[in-house]
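Okay, so subunit A shows up in both of these, paired with subunit B first and subunit C after.
Right after this comes the complex of A and B.
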């Protein structure tokens, strides 16, 4: 029984951590600029493809990862530039970001096909924890994801930049009146969030594999987690990403792999029926 | 004067219409042979089909065409959608006047296209693997006789190949008593497992668990742990739709369980699979769907084809559909020439050509990139001397056929971590 519990904790935490990186960025963008960024999944896959291609071409793997993160950051900037003129029109924002996501997916499909790419894990080997074999890469991903999420939370809640982000998310016009350059805040949030998604993509490609279709999966997970946590609530997204991770692993363990995503989505719907604003959301 | 002009115009129009009618009544001389290729053209399967057909057409044209007529290739894109596929098939058959249509990846899409094929009476040298297609031919021969499966065996034959795989492993000294199956959550795997279960029971092999995974599933590590805890000797993937066979391979190679990975993982057939998994595909045993491998071509023509493909396109075939599509063009050429030689009035008539295609049966296979013969229901013949899904293994970056002996170019190698 301890084996099973340990397995659920380890696997659930790693999966939750990776999706937490994606969802927290998605949530941050929405919270600050009220943009539903449907191209968020594209940053997830693009960073992994760039890092994979560069490291495969002989470049230093860490520099390749940095380049991947830079590309995902640039993608965030591109989303900012494309949505800026239509930011007030939510439908237009969705159409533009969705079109960008589909365009990137098609570019990847045409150039690399629909088969996945997989990065060699940065940390090799396996450790045995109470008869449960866990790859070192999973442990490293867990540490990196949790560190990133804690740092993000600290940055938003404790630093002056974070206070500007919170002020802008609460009322961007009032923030502007007290001298905050909200456009800079938007750019920062968009780029930072895309980099987080890119980082998640790189970690994901080390444990699993990434194909152009994974961008849609990342988007669906991010969306579901953010709604569960409460739209715009950063902490809500982080907590609910771990809830989703544990639900997934619990389902695989006790009901079978075929039910994993079904049960996860059903649980989210059930929670939303009971609490329509999500776990940490507030009624507007 | 006004009347004269009107009468003159009417006469000119009448003359033009009459002339068109006369032309229509005359039998037009054949100027070319039109070969249609249809498939999902943004996917590797469709791309490979189109490229292979164009390569074959180019080769045939360089040798004088078919009965002296140049070959023209027209392309239809199914977009993997039944409605689009049907419309595209009809366009190729009726607007482009294709003499034969080749390809048509995916079983569901194929079922729809077979209806359009029957309406337009077009010869269809087809892909896709569902037993339902050949069943239609058997049940309503006159309507569906224009359909022949060329690319790969009927999907139910995977059970025979997988049972042979287990037998081969046992004969080679790797004792298999318990099998852990991981398969697509899709109808195509049901008849495979249904047929496989008694075949394994005959060998005294137990299926300890049969796990179905949805499309895009990625958490294989947990399943590998479970297989270990159930004392399985073999993890048998039956994966095509999930699209994540590479993740299973990667996680198996990372965890290094004392269990062999051997089954039908469609991703492993890809010549780039080894590189895409950073070499983690090493020692994976898989089925070479379609009966050919780049590094182990079963016939001389297959070797020539692979080399010609690489030379023309700069890379090897994207998928095994290339072999079937290439063969289909040469098969068509062969039967047209046979019909002409036999003095048939119209050697391009699909009803005539069906008879000549049926001549390639168990006793008379035609050797193309694979030896091709048909059952009475026009299904591709399965067997060591025909086409089958060869039992193959990735070894140090190269794919080897390891069973049956008649075509094997390598021997089984167990991973060093297997005790």
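Right after this comes the complex of A and C.
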């Protein structure tokens, strides 16, 4: 009993950290530009594929990972460019980012199949914790994810760039009036958030297998996390990503992986009924 | 101007009624299926084009209608065999009921919750097919051969043409009525609509229930048409095909999505794949369709029906 519980806590924390990277970027993009970026999961998957393919064909692992992160950043830029002409048209923004997400998924499927890939872990070895084996890679992933999340939070809450981001998310027109280049903030947030998602994808690929379909899965978890945390609240997303992580691991342990989408929907619906603004959200 | 359009409409109905005389059966089968697809697209437009709420899970209701009808009319599955027409109507009602519950929860909140939740729905319902494999038949679905409403290609063709015309007339009536005006008021400005006493949540939910009902009916009809039901009726490629057709035709016009549906469905199932095979590119037909959707969304977000109407009105 104790080791099952311990297992759930350990794995839930690792998974929560990884999904937190995806969801916090999704939330940040929405908060600043009011764009629901359905292509966010594509950045997650693409980075992993690029890193996997490059390192597989003999390039240095760290350089391959950097290339993967760069590709996910470019994807963020692409989303910015595609949504820019129709930003005022909410319907089209949703449709265009969703179409882009599926376009990328299909390209990956056609070229690399649906089998899924996984990378060799950067760190080897296993730690035993009260009969529960935890690979060092999982611990490293957790540390890296939390470090990134904390530095993102510090950047947004402490630096002058962060102040610009907050100002833009509160009122982009007012931000423009006081001389903030809102377009630059949009680009920065979209590229940075996509890189975070890409980083999560690379970490994920070292622990689990990643396939083109994972992008949709990542998106669903991100939805659940941002709704639980409150749409547009960065800290809310970070905290609720761990809650969702535990729920996920619980579901997979006791019901099986097929039920995870089900449980996520149930969680979202429950939150919307009980507390639609999420745990940390503010009324719009 | 209006009388010309009306004349054109009557002419189109006559032409489609006369098609079986000139067109071989294999193509007739495809065109009949296109009509059923058109009902799905128009019902999506009823929600998205008229109330401005982006429903990303419309195929949930297509699949629900299809599975409910198939289960109810085939005795081998759950031991029930009611008349196919009753099964089709119950399929539509079941879809409407699910739409009602989802709508009540998500549409009372303003903003993006509706899109987020509907985006997840098809994936969840697809998993039900795998979880309860012996009822729903897993990834292969199951066949209703021998228990379908329709047997010959000709009867299938006329049935789907009739269903399309009835649904089209019903949905047109809805959007031209006072209810339709309220839908559009909600779309154009929720605050303003509320300030003149429109219960916006009520009308959004109403639109969603109606839209889900027609999608369910269409799904149930599709099963009776092709005798098989499978999880691809829930799946996202179908959803994107619906969105592409409606956006191409022009949201909030009913007729635009009808034309878009016919063009896109025939193109996808008739010659698009052959064209890609000939060009031997490392892509599939879906990639082409998604790219077209992105291009239309950016370059012509209002669809060609709006542009056409403006051109005509300018000349008149």
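We take it that the second predicted complex is superposed on the first by the 265 of 284 C-alpha atoms of A that agree within 3 Å, B and C clash if a C-alpha of one lies under 4 Å from a C-alpha of the other, contacts with A are read in each partner's own complex, and residues count from 1 in each chain.
Operating definition for what follows: a residue touches a chain if its C-beta (ideal position, glycine included) is under 8 Å from a C-beta of that chain, and two chains touch if they have at least 3 such contacts.
No experiment lies behind these values; they were computed from the predicted model shown.
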| task | Could you tell me if A:268 is touching subunit B, subunit C, both of them or neither one (first, second, both, neither)? | result | second
| task | Considering only the touch criterion stated at the top, classify A:258 as touching first (subunit B), second (subunit C), both, or neither. | result | both
| message | Tell me the contact category for A:110 with respect to subunit B and subunit C: first, second, both or neither. | response | both
| message | Looking at A:164, would you say it contacts subunit B, subunit C, both, or neither? Reply first, second, both or neither. | response | neither
| message | Quick check on the superposed pair: does A:38 touch subunit B, subunit C, both, or neither? Answer first, second, both or neither. | response | second
| request: Check the residue A:99 against both partner chains and state whether it touches subunit B (first), subunit C (second), both, or neither. | output: second
| task | Name the contact category of A:208: first (subunit B only), second (subunit C only), both, or neither. | result | first
| task | Could you say whether A:249 touches subunit B, subunit C, both of them, or neither, answering first, second, both or neither? | result | first
| request: Tell me which partner A:276 touches in the superposition: subunit B (first), subunit C (second), both or neither. | output: second
| remark: In subunit A, both subunit B and subunit C touch residues 110, 258, 261
| message | Which stretch or stretches of subunit A touch subunit B in the complex? | response | 7, 11, 15, 56, 109-110, 113-121, 124, 126, 132-133, 135, 137-138, 207-209, 211, 213-214, 217, 248-249, 252-253, 256-258, 260-261
| task | Name, in rising order, each residue of subunit C that touches subunit A in their complex. | result | 48, 52, 54, 56, 105-106, 109-113, 115-117, 119-121, 123-124, 127-128, 130-131, 236-237, 240, 243, 247, 251, 282-284, 286-287, 290-291, 293-294, 297-298, 301
| request: Please give the residue numbers of subunit A that touch subunit C in the complex, ascending. | output: 30, 36, 38, 82, 85-86, 89-92, 94-96, 98-100, 102-103, 106-107, 110-111, 216, 219-220, 223, 227, 231, 258-259, 261-262, 264-265, 268-269, 272-273, 276, 284
| task | Provide the residue numbers of subunit B that touch subunit A in the complex, in ascending order. | result | 42-44, 185, 211-214, 216-219, 221-223, 225, 243-244, 246-247, 250-251, 254-257, 267, 270, 272-273, 275-278, 280, 318
